[in-house]
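You will see chain A twice below: alongside chain B first, and alongside chain C after that.
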Partner chain A sequence: MSEALEAQQRLQAVARDPRAYLEQWRQAHPGGKVIGALPMNFPREIAYAAGVLPVIVQDDQKPVTEGRALLAEFYCGYTRNLADQAATGRFDMYDALFMADHCIQLIGSADIVRAVTPQPVFFGMLISSLSDSWAGAKIAEMMGEFRSELERFSGRTIEDHELRASIVAYNKDRQLLRRIFDDRSAGSAVHSPTQLQDYVVSSMVMDPVEHHRLLEAAVSEPASRDRDARVRVHLSGHLCHAPRRELLEVIEDSGALVVDDDLYTGRRYLSTDVDESLDPLDAIGKWYAQRNVNIPCPTRVQHDADWDEYLVEATRSSGAEAVIHLMPKFCEPHMLFYPELRKSLEAAGIPQLLIETEHEGIPLEAFRTRVEALVELTLRKRPVHV
Partner chain B sequence: MTTTTTTTPARDQTNRLTMTRTGSKMIADYWEDLFVARENGKKIVWYNGGALNPMFQAAGLAWCHGEAFAARLAAQQLEGPAQLAGAEYGYNSELCSYSRTHLGCAVLTVQGSDDPQTGVVGLHDRVDLASKLPSPDFFVNNYAGCSTGQQWDEVSFRIFGKDLPIFNISHPFLWGNKPDAGYLRGEEWDSASQYVRGQLVELIDFMETQTGEPFDYDKLNESMTYIKRAAELRQEGLELCKAKPAPATFWDWIACIAPINFLPGDQALVDYFQGVKDEIQHRVDNGISGIENEKYRLYFDGIMNWNKLGFLSRRFAEHGAAVLAGRYIQNAFWQEPQLIDTSDPLLGMAQHYLLCPTNHGSKTLDYLTLKDTADYDIDGLVFHATRTCRAFTGPQRLLAKSARDNLGVPSIFFEGDVADASFYKDEILESRLVAMLEAIDVARERGDHKVAGSGAEVAWPS
Partner chain C sequence: MTRRVLGVDLGSTTAKAVVVDEAGAILASSTVAMGAVSRAGMHRCIDEAVGRAGIEVGDVSGTISTGYGRKLVPGIQRSYTEITCHARGVAAMVPGVRLIVDIGGQDSKAITVDKDGLVVDFAMNDRCASGTGRFYEVLARAIEIELPELGPLAMRGSQDLEVSSMCATFAETEIVSLMAQDMRVEDIASSVHRAIAGRTLALVAQVGRRTPVVMTGGVARNPAAVHFLSRALDHEVLVPEQPQISGAYGAALLAMESFLRTSPPVPDVPGADFIFPRVDHTAAGHSCAGCDGHLRGKVELGAAIPLRSS
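The block that comes next holds the complex of A and B.
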């Protein structure tokens, strides 16, 4: 097996089974601490600088069983999955949990996790109203709190040079990931959406240095594949967790080719680097603010950051002909903002399809039919060459 | 919207406070004034979340609380047109029904802003309350806890073309990271209180810019003096409801929400709550109860099901179940008036905004729920699993388990919604309620109902 293929398989394995990776990591780092970081904006750089492995908690895609007794069925699938992970002891792979984000369903599920697991759950709420004149100061203050809390948790002081090194490691990994995504939006069809999802999810789980090494190997063999004649689509949504792989496969199997996305387990996650020229903690604060400028998120409130405009612009630069909205069922921020997206895409004449995704029992065949209908509609809009 | 299956409860066995009729009149007058506010030369602010009305009152503004308007539409079964407009605009029916009702109004308002003189939409169709809402001059968001509350106003701002000013107040969620964290205490509480107070000062600057007038601090103090007094009377009235049989019920207090939540702070407000308290005192003195034949004392957790208010009150009364207390009453709406310093009220106001019942971690909510359960000698808890309000429903399962484990008090869940009647299933409530009441009867006969019994001391968990 080639080195590239081996690396690809390893990344896939980590993305699909973080627990196995963490077990190996613990064996290789006796006494090392692992934290589970809830999405979407926890500054992993600070934890890593403290010698802690920060792992973004994934929807492990297992059916919700005991978690049903803890959280209402009208919570989004990800948060119900979190409650289930807590109820069935699957959080035992973390020594503590950290959360930074203001989404009420996420907070609700973290509260359940706190109540039923022995691990401490620290919630440092980053201000979500980002147009306020005091937002910068509040972000900086909270980043300071994260630093202190992680120092307390790890039992060591985080030096600035360690923070810098951590920033460099994460930037390097993000930059490589971003290059792959940029290649895709520029025309390369080498990587499938599931493969890219595996690359991003594995980066959310792994030590960044190790991940970067593997990712470099994974993409080391020169390969090129141009877009074929399928309808070019942009995937939008899933703000905090991965859509099911089967769904991504069905999309590409129904005459569509994914050329870009703004998914959390895609471009949204890797959109922004931390400025290495600034004071490191200050730079991490600015990174948080900048992320919402680069790809606006409806869980934040920022009057001049427009997800709808971003989306229209993204389709222009990638050449996407249509947009598929992947909206997790019951995701409030997405439900609230969706009409704005719809309106802007309509005004721009871009065909679109809304798919409400579920945690379990996805009606794949129904999705296939709907994607095919979108494909047909979009094809009809293609210029006819005679 | 409105399709639902309900059977009418038998003869009405409630004995509602007559004073609430006065409240209804005050509320109706308030809305009528708001509908003509622009004609009367007032600027109009749309806001959501904590009761900022004394600030607006002092700034000489007319104010429209989005949730209150959605609740009013639902209570009057008039939410349909707004929700349809929202659905057409693209809002999913699983979205918070308060927000999609109010956003539907925003859509109607924008679509129909064909009367620039008054800004009142649809004067040609006065029957349709949804379209009577005057368009705003600016927005203020003051939502604690629930992220949807914050995002909702941002979306309103966008529906209005991003042309109107908007001011946001952020509230740290009272999570309790620090060991000293507790209800109304600890470093987290102190720093969050100061932070929100600071933002209120910024809000005053913002309002001065909008109105072009200096803010009237004396007026704020005056308004808060009335509100504090009204809140104290409300607390005293609630305290009286611990009597057996209970002289008034949760449903009476629900009818008192609008006055305490958004009516102007003035003598009329104080008189109203004095009247409520006096009526309750009179009932206590004369052994008059809030329902006929009180057999069970229940607690109601969840945001109100406004479409079903009268119906639910009758449904419970029919079974001899006096619903006495609930998170939405005891733990909301200026519930800690001692925090308000009427000569400098901003800090106490900020603290009340933080005390929104969706802004606490479950440890605090558990403490508050157990305390009220013990204090009101509650026999069972009823959880309104409010379908589109995830903020209220998140901790409910934990609260139910804790009441059972710590006090031996059983619970039921029933599904409904704040402003969408289609989620309410009457058969489910009826069968579960009957089952719980029967279980209470059996436990009473066995002598093992409520291990902790009446008056149990509930302490802050160590």
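The block that comes next holds the complex of A and C.
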């Protein structure tokens, strides 16, 4: 087996079974601490600088059982899955849990996590309103709290040079991922959406230096594959967890070719680097703010950042002919924004399809029909060049 | 000899087949209720349609399939979704249509089309059988009548009993409860139809209300379903003579455009600049702009495709 293929398989294995990776990591780092970080904006750089492995908690795709009694059905599937992981002891692979967000549904799950897990839980609410004059100071203050809390948890002081090194490690990993995504939006069809999802999810789980080394090996062999005649689509949505792989496969199996996305387990995750030239903590605060400029998030309020404008521009830039919205059921931020997205794409003449996803029960054949119908109507719009 | 093509719509409960000639005229059709997607029912349906057209299956110049079982139909050149096929078929049956409500055995769809009969937008149920043909079957069973009697019975109802239509299973319980209260079956039937129409209205809202409205699918043969949908939309709902075959007819028309055209299409669509010459493609699976598919490497364009220079 080639080194590239071996690395690809390793990344896939980590993405699909984080628990196994964490067990191996603990064996290799006796006494090392692992924290589970709830999405979407936890500053992992601070934790890594403290010698802690920060792992973004994934939807483990298991059926919701005990968690059903803890969070109502009108919470999104991911948050109910988090509650279920907490309630059934599946968070035992973490030494502590951290959250740095403001999504109303994630906050609900954080309360459950705090109530039922024996591990320490730190919930730092990053502000969502970014247009106010005091926003920068509030973000910096919260980043300082994360630093203090992580120092307390790890039992050591985080030096600035350690923070800088951590920033460099995560930037380097994001930059390599971004290069792969940029290649795709520029025309390369080498990587399937499930493969790219595995690359990103494994990055969310692994030590950044180790991940970068493996990813570099995974893409080390020259490969080229141009886009074929399938309809080029942009996947939009799934702001805090991965869409099911089966769904991504059905989309590409139904005549569509994914050329770009703004998924959390896609371009949204790797959109922004931390500025290495600034004071490290200030830079991490600015990273949080800048992420919403680079790819706007509907959980935030910022007058000069619009997801709909971003989406139309992104389709132009990648040559996407259609947009498939992947909206988790009961994702309130996405539901709130969706009418604006729809109107903007309609005005731009871009065909679109809304697929509402659920944690359990995915009607793949019905989705297949709908994607094929989108493909058929988009093909009819293709201009003929003579 | 005039060449013929075949469109086959293999749905969840019924197979439909239509044979058309080079002009797109329906030569014969067949509808076979088969319970669930069934190969035997499909073969019987195809045999009946080609037999009625006075030809053999081997005489068919091309076949396009649609419906949930579209990949099961043998000998096809390609398949299209029922959304595209219903739009194509209904646009030919009722020129000028803008909104199609198709209610089949297990799904319901709302499709908006443009002036050329091309799909603009669509919405369909994907998790729930509420408002589909299956729901009417549940109702007929609960009130112990045959399905064809259901529509006329519901038309005689007068009192609105406000039946929930959210779930076929729970609605059955509700119907039994109403019967236990000695409510008139006419009122129960009409109330269920009214509730289903409300459910369909929600589907229509996803694509936007347009007129003229056409209802297709097996449920369109139920006069009460059409009546209550018309009241819910506050607009006349048109029903083609054979509402069940519109998908198969659309598939046959797409087959006709793909396989029978012998001359380059005339660009009669606004914005069209060119008469596009016939092009031979060699790449397997190639599908170019507006292409209706490929047949042994040869691709031809449909007549209603605007050709633009940029």
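Just so it is clear, the second predicted complex is superposed on the first by the 384 of 386 C-alpha atoms of A that agree within 3 Å, B and C clash if a C-alpha of one lies under 4 Å from a C-alpha of the other, contacts with A are read in each partner's own complex, and residues count from 1 in each chain.
Here, contacts are C-beta pairs under 8 Å (C-beta built on N, C-alpha and C of every residue); 3 or more make two chains touch, one makes a residue touch a chain.
What you see is a predicted model, and the numbers here were worked out from it, not measured in a lab.
Look at chain A after the overlay: chain B and chain C fit there side by side.
Contacts of A:A229 after superposition: chain C is touched, whereas chain B is not reached. Touch criterion met: A:R380 reaches chain C, while chain B stays clear of it. Of the two partner chains placed around the shared chain by superposition, neither chain B nor chain C is touched by A:L247. By the touch criterion defined above, A:L163 reaches neither chain B nor chain C.
Once chain A of one complex is fitted onto chain A of the other, the partner contacts of A:T369 are limited to chain C, with no touch recorded for chain B.
Contact with neither chain B nor chain C is seen for A:L311 once the two complexes are overlaid on the shared chain. Of the two partner chains, neither chain B nor chain C is touched by A:M40. An angle of 80 degrees, to the nearest 10, separates chain B from chain C at the C-alpha centre of chain A in the overlay. Greater residue coverage of chain A by touch, when chain B is weighed against chain C, goes to B.
Once you line the two complexes up on chain A, you'll see the smallest CA to CA distance from chain B to chain C is 6 Å.
In the superposition on chain A, the residues of chain A contacted by chain B and by chain C overlap at 356. Of all residues in chain A, only 69-72, 74-75, 102-105, 107-109, 111-112, 114-115, 122-125, 127-129, 131-134, 138, 149, 298-299, 301, 303, 327, 329-330, 332-333, 335-340, 342-343, 356 touch chain B in the complex they form. Residue ranges on chain C touching chain A, taken from their complex, read 68, 80-84, 107, 118-120, 122, 124-127, 274, 276, 285-291, 301, 305, 307-310. Here chain B touches chain A in the complex through residues 89-92, 94-96, 99, 141, 145-148, 150-152, 154-155, 157-158, 162, 166, 168, 170, 172-173, 175, 177, 195, 198-199, 202, 358, 361-362, 385, 387-388, 390-391, 393-398, going by the rule given at the top.
Within the complex formed with chain C, the residues of chain A that make contact are 228-229, 255, 356, 361, 363, 365-367, 369-370, 372-373, 376-377, 379-380, 382-386.
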